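Two complexes come next, and they have one chain in common, chain A, joined by chain B in the first and chain C in the second.
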Partner chain A sequence: MSVTQENAGDLREGIMATPTKQQIGTVLARQGILIAFAVFMIAFTLANPKFLSVDNVFSVVRSSAILGVMALGVTFVVISGNLDLSVGSMMSFSTIVVLDLHDKIGPALAIPAMFAMTLCLGAFIGFLVGYLRLNSLIVTLGMLSAIHGLTLTYSGGQNMDIADKEGTWFSVFGQGTALGIPVPILIFAVLAALLGVVLAKTAFGRKVYAVGGNGTAATFSGIRRARTVFNCYMISAACVATAGLIQASRSLGSQNTVGQGLELEVLAAVILGGASLLGGSGTIFKTVIGVLILGFIQNGLLLLGLQFYVQFVVTWVIIILAVWLDIAAKRGKLWSPIA
Partner chain B sequence: MQPGALSKALKSGAIWGFIVLELIFFSVAGEFLSLSDKAFMDFENMLLLLKQSAPIGIIAMGMTLVMVNGNIDLSVGATFAIAAIILLDSMTWPIFAGLGDWVIPVAWLLALMAGTLLGALNGLIVWKTGVDAFIVTLGSMLGFRGIVFMFNGENPTSHLNWTLVDFAEAEFLGLATASWFLLAVTLAVWFLMARTVHGRNAYAIGDNREAAVNAGIRVGPHMMINFAIIGFLAALSAVIFYSESGSVNPNDGQLYELWVITAVVLGGTKITGGAGNVIGTFGGVIAIQLLRKGLGHIGADTSTVNLVIGLILIAVLFLDRQLNVKGKEELKV
Partner chain C sequence: MTDPVLRLQDIVKTFPGVRALDGVSFSVMPGEVHALMGENGAGKSTLMKVLGGIYQPDGGDIYMGDWKVVMSGPLEAKAKGIVFIHQELSLAEELSVAENIYLGELPRKSFGRVDWGKLADKTNAILEKLNVGFDARTRVGDLSIANQQMVEIARALTVDAKAVIFDEPTASLTDAEKSVLFDVIADLKKDGVGIVYISHRMEEIFKITDRISILRDGQYQGTLATVETNEEAVTQLMIGRKLDLSRNASHHKLGDVALEVRGLSCGKLYRDVSFEVRRGEVVGFYGLVGAGRTEIAETLFGLRGPSAGQILLDGEEVSIASPAEAIARGISLVPEDRKGQGLILGMNCRDNMTLPQVDDLKAGPFVAEGAEVAIFDKYRDQLDIRTPNWKSRVGNLSGGNQQKIVIGKWLSMHPKVLIVDEPTRGIDVGSKSEIHKLLRELASQGYAVMVISSEMPEVLHVSDRIVAMYSGCIMRTFTSEEVTEDNLIQAISGLGGDRAA
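Showing the complex of A and B:
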């Protein structure tokens, strides 16, 4: 398409003339998730002073850590413009594998072996989506089912339990504390900081945004799109393996379906953090906020004496409101222009 | 022959070829591996297969419509559960106590209305807010499930009405009630998509929404109608299934969305919209059910079914990419 004189004029005007109302809207939408978070915290604290006690905050973050660690990896995948629906199944897989190997070859070898196996699955998905460029929704949907089958085949459908639950140091990842802080929280925090820096400050991080924002343009700028997408899935798999490790270590025994349904909760947290499913936007920090919002809502509603399923309904409303306000601010109109 | 005609024929016939392959494979393998003496391609067995395909199949027809339209619905499993609970619960409500067996049509109607309304609600949100259908229905998948739990907590809801059970177990011309409903729904949705203005517009919107808008098609109402239809069909599927079983757990219908989407994609519907038809989806539904039954027949356990279906889904996607001329061009970039 050739740009005519008038077109160019329109474009320039469009850039220069930004209505103030829209600016306010944009600021609100950009920080909307933080504002909503703050409002929630204040409201729940007023309703129940226990809500912000150190014990409660620790317990919320600790129980969100597994979901959170997975969400960190999925953030990379989503920013690169793809989806990962297989993380739930994959987490079940790594939990079962590490528990099984724990008794067979000992924890020191079981953990790297489990990481290697999970990364193989990640590499397979990354190859299919990155190099073969198959639709990520269908590929990871297929892998959701396939990995579930793989886990069941591996375990023979049996629950997996560690024989000697008292005498193993393996429980440190899920149950231990270091410097007065529960280890799952530490792992989550360190991973979040690390991946946050990778995404925001490194060349690789830039490439992830570029590939997700406009894949063709990124390719023409010399970015190896396939490799970038592949690496995103590897990061996701590594995060899933870490989550599986925490889960296994926390319970020291597990069913085959431990991660079932987590993929959608993880996605909900990432979307709540403001990452667009079209790719190219989102940050690690916002994903962490998304995870914490989900965790604190769940906890807050329970403290108010409501049943656990009320949080499902509340989460529904919050997800849609958050995404709606985000895109409403971007287009400058509350209602969609669809006729 | 026009360029691309061969690949088109290959693609539309692929699912039926796959079904034939499955039949041959399981019949031959069954001779050696099966524990029972009954042949796999037994007529009775095939009729049972059709009946067992109905719950997923009926929803899959609606999903075809929604996906051709360029959207997706992840909330069907939860809608399924809500409709089931309303069906069974409403039959015990005191206000209907004097109705006798006339409570059945009332309960059916209530359940179907609930499904339609929930679907329409999804559609309305997609239309008015402009939020992607994936996100909207991901949210309502959680929200609807929450509503399911509100009825009876974590306890199952049970109510057996023998007239209703007789109706659900009845056979007409050798086919069970559920099979008739599956065939009727397939025919109805086929007619809707191939022979009506609404169906044509649904294809147009899914193929190129901007062009559809420029052609004067009102995109929003069409999308909302399609969501209402899939909600209705999810409820219909539940109503038929639970008329027979009479007991519903609050977790029932979980992962249905994934099975349904798998069937639809196997049937050749494009995930981005604009292409696909219910005949292919019917093939996809049958193929999945055959695979489950066949693997059971040769003594494989359920884990293998999951593994095989997942890998087949990916293989189909890969073959589709190779057969798709446009896809090859994209690969060069």
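Showing the complex of A and C:
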């Protein structure tokens, strides 16, 4: 624990005390993304005037709601300095489970049962990452596969469908409207507001930032790190369950792989919003912006007539760009190869 | 008379706010072991970094033989035959001894294949010279620390070393391992290599060195022939400044015992440690790096479980399993690594300061931000923290102000016992004396304060009593009347000092 650093400390002091290239870089990098987004929006609107129409905007937000709800939870995990790559397959699990139980025990019981089961998965991950201090990348990558297997075992590999698709109130979460607004958008908005307040205003939220910003210093301030990380994964699982509910309710039937690949899109949205993968920074508002940016980009490409599959490549490009800009902002320069 | 292998002449090096080296001269003759001594912060490391090309001097010259040289970087220093054996080892644990020694210059065969046979032969030839009990193919991670150090030395021998610099080489060695090291040094000496030996340990210095040079506050104090001098004379030169030794023994009446430790041990880190701290008292803990002081603080703060012994708070035995528990019981720690352990640099000042009590500051379901600002304002004024407002990122403050944020964080918790580890490390001189004053004030307000410091003037200045530690044991506890620089430095070097634990 003892480090001798006689003058190194002084040197760094000098660097820390002046406000910095770093900050300027950060601002540039963040705005870089917003500027690129603005240019993109203008170009697409010029190319296709329908792009910014009310209908299209509504449809983008609506189709982004499921992704968005998941991204809200992952924001907590990322700010705490961890990753959650299991949300895609966990969402498939929730969707399949709630559809199956719908016909067996009725929707009123199926929904809480599905939430309970999904939260168990979240608790398991939270235990492994928080209390056993295993690397979150490895744990959640493993869980991505394990939960997929669990889902297939549960469903026997069959698609899951609700028998009576016309006569169930269950469809309200995915297809209903309230006050003229589609319910998925409402859920997303309410959840975003709620979790935004939790993150920004409560003691728990403060601890999430502290643990992600400097876990050691958080421990030295008496914060129980394991519990904080555990709770982040519980929030993430609750969001995934909500997303699964919307998904199931929207389609009333589903394949086992409905959430496949979503983990990357969710991560892209969170990073795009400006949360650092190293933890300690990000907000719910920024994540919502990230979700919308991603949604509009994907929608714009479709309107241009590009095949749906191009999205997968585009998502990758966005992740790489966002990570690069994030890291470049920290280093203060774009180009800094390993010496 | 032969020429020195290495001569540093009037070296000057300044850092913002500090004149780290002020015209220091130093030379090493071939076949000589030359000790470089001085307190922490005296400039030894800086001087060696200048020699190694890590820092460029602002003034002065380096000569090798008759030649003036410029050390543009570590590689150049190595090419010129100057080799460093560092306190902290820099080996790749997963690689073999031979690979570590010849890393970057492995012998090759055609198509870039490594010539393993030749590599092993070359390595074993060197290892034989060192008379060590392992061979070229041993994985470095499987070796003891002492043997890993031997690998570093072997690496030094692969180049045609003219001067070898040992920086606290015996810090982690057992007696048997030390004697092997000293044999190696004797061999190098026979081969005409010049050796710079940096250590705090008087015993070793007088055993193996020929001359001793002393630095103090970045200034050269003189060079003594080892046989013609003694510990007192060296000590005198190391600390002989006019210290602000207005001893600060408390004039107020001390309160009850707040913290008592009985027979506390933690494996090899420290053994059978007993002491008490009263309300209104500052107890200084002085010793070399690795003497076990920080580890005791970590145990008291719930970070490191003890293997034996008792901790009593207000006379009641407690067990402390986590920092959260320590804080709840009224123990606070200002850690030695301010940036790594004390602060969340990306967070603002207010949030850092109120972090330990964020659960208790409630306005309904939310954090009471108004109360937080009030706490911040109170301690900003009390501690004179200079920052535009609470929203500033802590990372943008100067070291002194950062340290005050950490201190304010704990004061706002009203602890029973405040432990401060290296209160002024990396802090400029002005803030230093402010923090010293603050520690005294806290005592007079009735806090029980433990100060761990590696700087002698600091412990002397702030402490009512001083606990001197050497390699995990308390050697002696001094009152401020009986302590002198001499008896203190002897106690922490493992010399003199009654073993009163």
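We take it that the second predicted complex is superposed on the first by the 289 of 339 C-alpha atoms of A that agree within 3 Å, B and C clash if a C-alpha of one lies under 4 Å from a C-alpha of the other, contacts with A are read in each partner's own complex, and residues count from 1 in each chain.
Throughout what follows, contacts are C-beta pairs under 8 Å (C-beta built on N, C-alpha and C of every residue); 3 or more make two chains touch, one makes a residue touch a chain.
All figures in this text were calculated on a predicted structure; none of them were measured in a lab.
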Which partner reaches more residues of chain A, chain B or chain C? B
Partner chain(s) touched by A:Ser145 [first = chain B, second = chain C, both, neither]: first
State whether A:Ile271 touches chain B only (first), chain C only (second), both chains, or neither. first
What is the contact status of A:Gln307 with respect to chain B (first) and chain C (second): first, second, both, or neither? first
Which holds for A:Thr219: it touches chain B only (first), chain C only (second), both, or neither? both
Is A:Trp335 contacted by the first partner chain B, the second partner chain C, both or neither? first
Is A:Leu132 touching anything from chain B or chain C once the two structures are fitted on A? First, second, both or neither. first
Shared contact residues on chain A - chain B and chain C: 216, 219
Residue ranges of chain C in contact with chain A within the complex: 15-18, 20, 40-41, 43-46, 49, 87, 289-290, 294-295, 298, 301, 303, 322-324, 326-328, 333, 335-337, 339-347, 351, 355-356, 358-359, 361-362, 365-367, 395-399, 409, 425-426, 428
Within the complex, chain A is touched by chain B residues 74, 125, 127-132, 134-136, 138-150, 153, 213, 218-220, 223, 254-255, 258, 261-262, 265, 271-272, 301-314, 317-318, 321, 330-331, 333
What part of chain A is in contact with chain B in the complex they form? 128, 132-135, 137-139, 141-153, 157, 216, 219, 260-261, 264, 267-268, 271, 277, 307-313, 315-317, 319-320, 323-324, 327-328, 331, 335-339
Interface residues, chain A side, partner chain C - complex: 1-7, 9-14, 16-17, 19-20, 197, 201-203, 206-207, 209-210, 213-214, 216-224, 280-281
